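Chain nomenclature is as follows: A, B, C and D, assigned in order of appearance, with residue numbering initiated at 1 for each chain independently.
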């Protein structure tokens, strides 16, 4: 048996080489796709801007724009060029970090310095809510096991969550918590003065509590949790009945390791499908909890018709979707070697 | 007479009686959730159709002397802070999303279905470039893009619903494409080509109509419920959707900010959840029913 | 049950609930396997042959599953009565026997835990799907060696290096062309025939006293099929392992089996030695003759 | 012999995978089918037999070659002409479910076919024609049944009835008995025989040699997109075959173990044949080379063509001498 060994150096290096080439090809194609998606999506936004009714500069500046400002804006958006060249110039400026200047919402402030920090808040809410829903869904799915009849009582409420928009969940959550706190502190019966969740806890929880509640309501609402839960359970069922799990059982080895590893990929698929929806939900939930994120910024800017800010924030969102998809793909490929094999 | 006709009843009966008998037996074996949800869907449908013919006056009737009344026989969902009947406003509020949702659903299902079937049928570069465009649309975060549109264009609920239906086309097309590709993988389409059918007939009749109608109906209902969601969300935000004093479920929920009592906003919130749940369950039920292949 | 029997099945009954009501898939099947013997179960789809063997393995999925009978499994001189506790899981409801399937399955898994791999193991019909797609083939072979070693005392256990070497050895034994490469391959990188060979390595590396082979050649090409059958025959002999071989292909059966059971509609039609089946084809049960005819074996015999 | 019903010359087909990999599916194939005969195409999966069957019926485009069906140039037909011509050649697909529509009843499906291929008939005529057809395949009471409620054999038979509705001249049957139980398999074979009559021609694609022995008149063996041997049914197993054919026959027999000269190749499966870009596909596995070492260079450098009904330098020479 000595001639067959694992540590034959030549063989090992050959296999390594092949794998590296395959991986780098795969990664390259994914990056290329992400880049082209970014270009395409930003072009859609630019084209939307160009197709605005009337003169866009008038729309943005309103009545109080000076001729210099108008000329500036024209140059920035490349309005004097045709749509392709204009997009090129606009995209180049955006790429070099110049997203324009806020006009009405916070006049004079560069959009990048407004949207950048705000977007961090949004991103952390989105990530926390995704992780939160995954943790709960995993826990419940493993606890309850594969779907069985006569679980309708338990599952009814969970399925109803599927239909609850995150902003409704957020309002209810805020109201209920408000009521609870009021009840404890003031002895009940008192009507809360505003919808803001925890006025009395302001000292400690001014920023943390709304953040947590926002994340919670996103992870519960919009069917994110339900979708994950259902996907996990269905996957658990098909895994439990799958041949290879039977085979693992029949050889007397532990099944759990195989189960957990095989559950990761479907979870990630739900993530990928849900990502745009989660980011949408963040916008409105941030608004409810007046969190200083980019969703709040977006809505405030939109209220003031501050086009550069709105466009800047949208670009951030698109960028985030593409990057997060890339990361999810990468994790998927790390877990499942088939992804790389079929990728190219 | 009955004794004689039983043997041939399936043959000679009119189309509506067969239709009725199949649906009657189908209804009986449906689960409770499907029955409940279809009742709610039918209710929404009725109100949606009737609403345009009802006048706005009682809905807008402000009377501060009867504000914040608890639910009673007269106002059986109570009244809000301005003394308007919550029940009436709730029913009238259906108008805000009904027709936009219907239009958006039909549009998205039709275009998505056709595009998906074309992508799946042709494959090759047509399929690939189409799916590239669809993937592009899918990367746009829906809410953000809608807000952008509303900033640039004068917001109207029709525009919003059309845009949201366009944003849904990719996912519908992808579902249909997968289905068509799954059919193609078992040589099903090839078998029909070999039999001599026209490709257009195969796409439109054998694939889209016979195989994908349940899926499309379900997706249509899904888009409808999404428009309901978007409309209520935007009305809740207050700047883009239906404006006060006209009722919409979204701006009724928004009263949670100012209302002293729960029912003016909690009941519409409940209505949103229940309606969306019913719509989804109804869509699922229809899809499931079609999946159970005829016996 | 005599000392000389590995598996003894008596009056096995398996039922399933379908939309059309309860269906009895296996109806009073009895057979036994002695050490070193190859027992073939011949039957077509829906004859209940797979279900009966799944029942022995304790892997039946679906409700209500096993509803009666006896299965005795012999492991190193100790006989386990696998269905002894079954009646306590069955109760009467609305005139129909109902089984607490979840509790039964749990009970059964606990019972089988020490027997799986050691006393009995199995290879399945679809080799591609019976290997974990996210793990290399070598790891999976090694896993069954680990499972086998975990039954032993700590002192007698093989170390990690030795286990890896044994896994490679097994891959060579199932005649993989390049075992070291296959060791690091994932199942999707192998052909169907190679997957089935890997699966045989996984199963036999446990050193079971009986191997259940459930149509291991279905879906493979004719030449690959022949290879797999030859390989199985050689290895079974070398490892002195009994085999329960299930197939619908009568030629394979004649080639491999010592004794053949013909099943149809959940019942055993007849039990014959392979020689009888070959030599006295025309004295067989009608249905067996149809099977022989379909395989073109009676006609050839006549001429 | 008289003029062939279908004659194909010099067919080529290469599949390109997205990664740029090329697979030769059909490689320089010539084929003649005569009216009323049953020709079996055997070979392992991946040998290109299904692709060839489909390409002959214009279901897959060819890279090169001519197909003459009666007096028409099949590859030149387009659009409605092609659809018109399709009624003369039909295909039974391997997956019997693919032949039928799961949401149409048997009667609806039959009617659909009859409307398509006999548009001139009235509804009553179609009805009676449908009844005769369904009687012919033994399914007279199955008008209102749906695919899911039919057994595998019944599904096959509905597919057959549907094909007969077009009154074809040529039927390509791709594994017509796969997945059927023994008894039903026998029935189906009998049915295929009866329906054939005098004028219908079958091209039977199968790896089931039992089936082939029962109904075929002529057997073609395919390996890697090439036809490597042509055998009449009487000669099958009686003469010295191409080593690959020999291996196929032995594998399906299982009765005796592979020859001693084969043992060193015993574990080399057909996948090992994939590598040879020049020379005979089977050269590295060929046991005949041990007897005739003088041919080695030839076998490794040139691809043998079908001479003396076999694509093997050594064998064709041997047969020439006889």
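The rule we apply is simple: contacts are C-beta pairs under 8 Å (C-beta built on N, C-alpha and C of every residue); 3 or more make two chains touch, one makes a residue touch a chain.
All figures in this text were calculated on a predicted structure; none of them were measured in a lab.
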item	value
Pair of chains joined by more contacts [C-beta pairs], C-D or A-B	A-B
Inter-centroid spacing, chain B versus chain A (mean Cα positions, whole Å)	25
For chain B paired with chain C, centre-to-centre distance based on mean C-alpha positions, whole Å	50
Distance from chain D to chain C - Cα centre to Cα centre, in angstrom	35
Chain A and chain C: spacing of chain centres that average the CA atoms, whole Å	48
For chain C, residues contacting two or more additional chains	none
Where chain A touches two or more other chains, by residue	none
Each pair of chains that touches, named by its two labels	A-B, A-C, B-D, C-D
Interfacial residue positions of chain B with respect to chain D in the complex	10, 186-188, 190-198, 206, 210-211, 293-295
Chain C residues within the chain A interface of the complex	57, 59, 61, 102, 109, 112-113, 115-118, 120-126, 129-135, 143-144, 146-148, 164-165, 168-169, 172, 179-181, 183-184, 186, 188-189, 199, 202-203, 206, 212
Parts of chain C lying in touch with chain D, wherever the complex brings them together	44-45, 175, 177, 191, 193, 221-227, 229-230, 248, 251-252, 254-255, 287, 290-291, 293-296
Contact footprint of chain B on chain D as seen in their complex	54, 57, 59, 83-84, 86-87, 90-91, 93-95, 97-99, 101-105, 113, 116-117, 144, 146-149, 162-163, 166
Touching residues on chain B, where the partner in the complex is chain A	33, 135-145, 147-154, 225, 229, 232-233, 236-237, 239, 253, 256-257, 260, 262, 265-266, 269, 272-280
